[in-house]
């Protein structure tokens, strides 16, 4: 998308342990110039630790970090042309919002008028203008988070590391900020590495994303790739919703489970079929190959998710039907399903 | 749903100002026994301040707070049978995770074995068992948030106030915690008041919800009510996505905008029609009453949202089509739309 | 205890309590003060409560009397008063020893290293306007009255001078003198002589003896302009509830053998004829100033309480100390 | 606030009560002597007069005050410059060893002020250890005159009050959130600017407290100027001391004391405001 | 941590230099306590005779005991009062100059004024004086110093943990002991060390408020009266023992602590 394919940042076999706890484990990763890169993974998987190593606050126990081809480990944080927005904000409590924002620019010895201009501009885009003279303790949680974000943004570094930048914001504001980040990526040419728990955010915004688990990198790729072709069961389950059906692949290359057959390319042997709720079609009983019964209906914002009990798996399959489409299903209704063979994955 | 209709908590005309800043403004609200109540509103609208008044850390400048019919203003925080999970966690830095969790139970002078049992149980449900002996500074952001949540949950108070309890958690964990909260609502009979920026969370979990803006209460109601019958333009726009079309209502009770007519019950005069993206039907050009052209397509996780330019409004209308349904639209395609009169709102 | 007595440390035999108990059956408790000033402050603020007998220098005894804190000496109860030199019973601040009994007495003069000082110093001006070789090698007593006395004696004035014009002259002299001074010192001046840090110091005769004890080259001289006569006295406090015992204690001290202890050990002359006559001659050979006769001593003027002129003294001393 | 409107008052009450009962009342009693005359034999004669205050106005005393303030200020600055790095190093040591380091920083001061000061005399005097050492190293010039100088006085003051400053600064450094320093480094400030703009302002209250300790204790000190300064320098504390004890002039001592106390309190209040401002302390209004 | 962010070396050098400065005169003092000669200016051979003299000097030993008692009581009381006062002052919403002045006053009142004032006051009340009156008096200035140190720490203190504790059902008192106190502990320890040190070394106020008897003489009083002729090695020996015993006690307690924590 926006990213060229030059790696601006190369992470080579990086590892970090805190005493007995391994936080990051042999991570190798290239971040391309001007790309928007999302880092995802369960709580405690090492995302913050990785960013802190990039920023220079932790030194890796193993591996190297190269910025534009040069090993940056000897560089102290202030000499690294990248900035980190802290997950815990780390706002300077003795400075007003304006002072917090000006700080990084003053360090670059910019002219006062220039600082003022850029700070004003950034406060405007982050809706902070009216709080310019407040101290952090006089702000709400979301306001603090915006100050932390603005303080990093106003520096316009080559690479911006954002650790959960928008988690405390309401949807509207979050969308506005997302647009702003995208705008900066395009106009200022900043490379973003962003940690987020909001999958939609990652799917919508990221050029590429990486999934970490227990400090290890599981998959790197474009959002569609990861969503549609998850590397393993964990990723499949972690991103989005996934139904898993245990069965086996026969010599004929057909995946078979109780009452269900899907044409899948896999080696003979036991296997797990993974299919997303939106990739299961639904119809009146008998119309489609797999029969089942509705055991629960969840109202998920704009859609309904039917939980359908079949013989194929112990846990009911989740089937997503749009609010505007399909019929009026009730708990207890019998129905039939069809799994789209092109849109499912086989894990062996 | 789960809630009986007795108000356990009555907030009567409560207001709070910090110097010149009005944080909460004349809020009147009943919270019913055993309900799951969500508090929503833009960043800085006064949610935290309201919870802090309930917990007893701020005294209202105006109004009263009644718990089971009794004014609790003279009660210090420790005498109030409700607990607050702090947005900023406020973990005890000198205590381990276990000690943080045990603290509240020790205050109730429970037996040591009982404390141990309940803490172990809560740590298990919040996936914290392996961190029992760590200090907060040795935890990741999401782990800290879970400790804060667990510390409040383990107390099983009558009313639990949760200020953004799940914001730092990944989706899977968040869903797990949501189930846990629901379980506690049902099994332990706790009344929850929860602040969240995750609308889906609010829509899925809450029995009722309230929307605050600038310290004022705009609407209180069941999620479906608020979603489908927003009280005003702000709420309509704040919750979910909404298309607004300016036009006027004629004496015949017909809403008219450029190239568009909808049967709506309203007084004659200028008006704004609000319609959700999923309530606009789509068809080949000419099939449906309003014609337009696709100007953008956004991949929103599981769905596509078409941005459709029409003569009716300056901003393109957003139309949501499920990934599994409808055709294969491309930018530039001409199409036609129909707005479901039963599912739109008129603001005058 | 029957009696609480405050004295300078080492001013009485360490076993005084046992001796006194053996002699009278009475218990005493000896406490120490470091300076006249601090014990005076304490006595004045508390009205003397708690103490029965205190040892203070004569101007302070005079104040205690003036403030009605001193108990008259019961002569009948202190027969050993007869041991005092007659010269010690007619002292100007308390003729007839009505409220105080002198314990030690002496002169103030120059203590010097004869091997480092050329010739024999004989004038206060040797201290106040030293020759180049002695500049930065002299010290003066820091306590205000003795500090002023050096200047007054050099000028030929009274050590209790009250005339403002004359005091101005003294002040000017002392401010000039400060420029050549190593330090003001009234505790360790003799060890500065021993180490060679100083060559000529302003000293009480008895303390010069401590230096002489360490180094034979150290000598004491009373300048030709004269000296003051200092007297450390014993006073019984009016607030005491054990006055009889207090008088017995004074009497015990004035016993020739007991009083001689002070001369032998603190190397001060004592105004006790019987005691002084019991001393070994070797003592006055080693420490010549021990031989100074009472008749010579009383030629020197006593420091007296200054009354309201004290204000002028303290201001002048402040000004000298603040000068640079 | 329902939660802590009365609490602060309650917390402060025992300390305030102690100070009022044992300090304010007795001191007012004594300071009121300033309005009366000195008796002929010292003491107080209860005739009303303002003469003592007129005497306080003598420029001599202002001169002494300013001079001792200058010495005290020099000592204060020096002590802070030495104490800060020490406190910083202690606060960065392993948590277990911090109390031990603090303990060893104050241990020398459980000996006695006089003894320590005499030890300095032994070190610094013309015939003392330092000069002997220099001589044995082959130095042949005049022995250094280090004692009985203003520098000696300042050295003594710095030495004796240094641990107090270390303690005060350590107290504010001990739980400082390290992320704030990291954020500063991240924003492009080197260690020096991070120190000046973040660490220092946040620990300024400790620096100020420690500085106040050195200043007030120095200006009231009379042992060090007497022993290490050879009595050639005078601090204001000395002046008040002399009025009460040497000159036996309690009314004037009271007047001087009152003037000194007032001046110092005003200075300290100004200092507190300035510190609060410079360290970006929360305003009373917003502090919940 | 990054090597560039926290190298241990500069810190060690600083500590070495500062502790060198702090212990330089102490080394001299200890050395002199073994000097056979009574004069500090000349070394006349190694001797432990001053230690012998000291151990038979019951006055000094009792004075040392008294000093310890006074310092411990004054420290405990002033640490409690000073900490509470600091908390009170820093949690008040409106700063009161009167209160600030009151908290500064004990530091700026010249010792002699306080000494004279207290003695006058106590004797007018007809109080018997002794160690208890010294304690009362020392608490006055000790508490101001403790308060000052703790207040400095409270300036940027995050009070939300205090709120959390109250919210979890802890009373103000429990909250203080279980949350505020442990978190403030480094400052409180610093304040207490300061108070103890000040109290151990204080002379003039102790002298005035001690009463007249021997039973309440403290070490500074004893030493001040002994230095009429300059310092004798006996007091150096005493100082050496005081510091040696304190250091040993600390190291032993530290060692015991560690032993307890290991299993």
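Just so it is clear, A, B, C, D and E label the chains in written order, and each chain counts residues from 1 on its own.
Here is the rule we use: a contact is a pair of C-beta atoms (placed from the backbone, for glycine too) under 8 Å apart; a residue touches a chain by one contact, two chains touch by 3 or more.
Just so we're on the same page, UniProt names per chain: A, B = Spermidine/putrescine import ATP-binding protein PotA; D = Spermidine/putrescine ABC transporter permease; E = Putrescine/spermidine ABC transporter permease.
It should be emphasised that the depicted structure is a prediction, and the values quoted were computed from it without experimental measurement.
K.L.:
Show me the overlap between the contact partners of chain B and those of chain D.
P.N.:
Chains that touch both chain B and chain D, as defined above, are A, E.
K.L.:
What chain pair has the highest count of contacting C-beta pairs?
P.N.:
D-E
K.L.:
Based only on mean CA positions, could you tell me how far chain B sits from chain E in angstrom?
P.N.:
Centre separation, chain B to chain E: 56 Å.
K.L.:
Averaged over CA atoms, how far is the centre of chain C from the centre of chain D? Could you give it in whole Å?
P.N.:
Averaging C-alpha atoms per chain gives centres 36 Å apart.
K.L.:
Could you grab the centroid distance between chain D and chain E? Build each centroid from C-alpha atoms only and quote it in angstrom.
P.N.:
Measuring from centre to centre gives 15 Å for this pair.
K.L.:
Centre to centre, by mean C-alpha position, how many angstrom separate chain B and chain C?
P.N.:
One centre to the other, that is 90 Å.
K.L.:
Pull out every residue in chain A that's touching 2 or more other chains.
P.N.:
Touching at least two other chains: 56-57, 76-77, 88, 93-94, 138.
K.L.:
Counting only residues that touch at least two other chains, what does the list for chain D look like?
P.N.:
Chain D, residues with two or more chain partners: 1, 3, 125, 127, 175, 182, 185, 202, 244-245, 279, 281, 285-286, 288.
K.L.:
Mark out which residues of chain E touch at least two other chains, giving numbers and ranges.
P.N.:
Chain E, residues with two or more chain partners: 5, 40-41, 112, 116, 120, 156, 163, 166, 172, 183, 224, 227, 230.
K.L.:
Flag every residue of chain D that touches chain A in the complex, lowest number first.
P.N.:
It comes out as residues 177, 179-180, 182-191, 193-194, 197-198, 201-202, 279-282, 286.
K.L.:
Which of the residues in chain B come into contact with chain A in the complex?
P.N.:
18, 21, 40-44, 47-48, 87-88, 138-143, 145-146, 163-164, 167-174, 197, 199-200, 203-204, 224, 237-238, 240, 278-279, 281, 298-303, 320, 322-325
K.L.:
Which residues of chain C touch chain D once you look at their complex with the stated criterion?
P.N.:
Residue list for chain C touching chain D: 35, 37-38, 40-41, 44, 62-63, 66-67, 136, 139, 142-144, 178, 181-185, 195-197, 305, 307-308, 310-311, 313-315, 317-319, 321-322, 324.
K.L.:
Sort out for me which residues of chain B touch chain E in the complex.
P.N.:
Listed in rising order, the residues of chain B that touch chain E are 55-57, 76-78, 83-84, 86, 88, 90-94, 103-104, 107-108, 151, 155.
K.L.:
Considering the complex alone, what residue numbers of chain D touch chain C?
P.N.:
Result: residues 38-43, 55, 58, 60-61, 63-64, 67, 125-127, 145, 147-148, 226, 229-234, 238-239, 242-249, 252 of chain D touch chain C.
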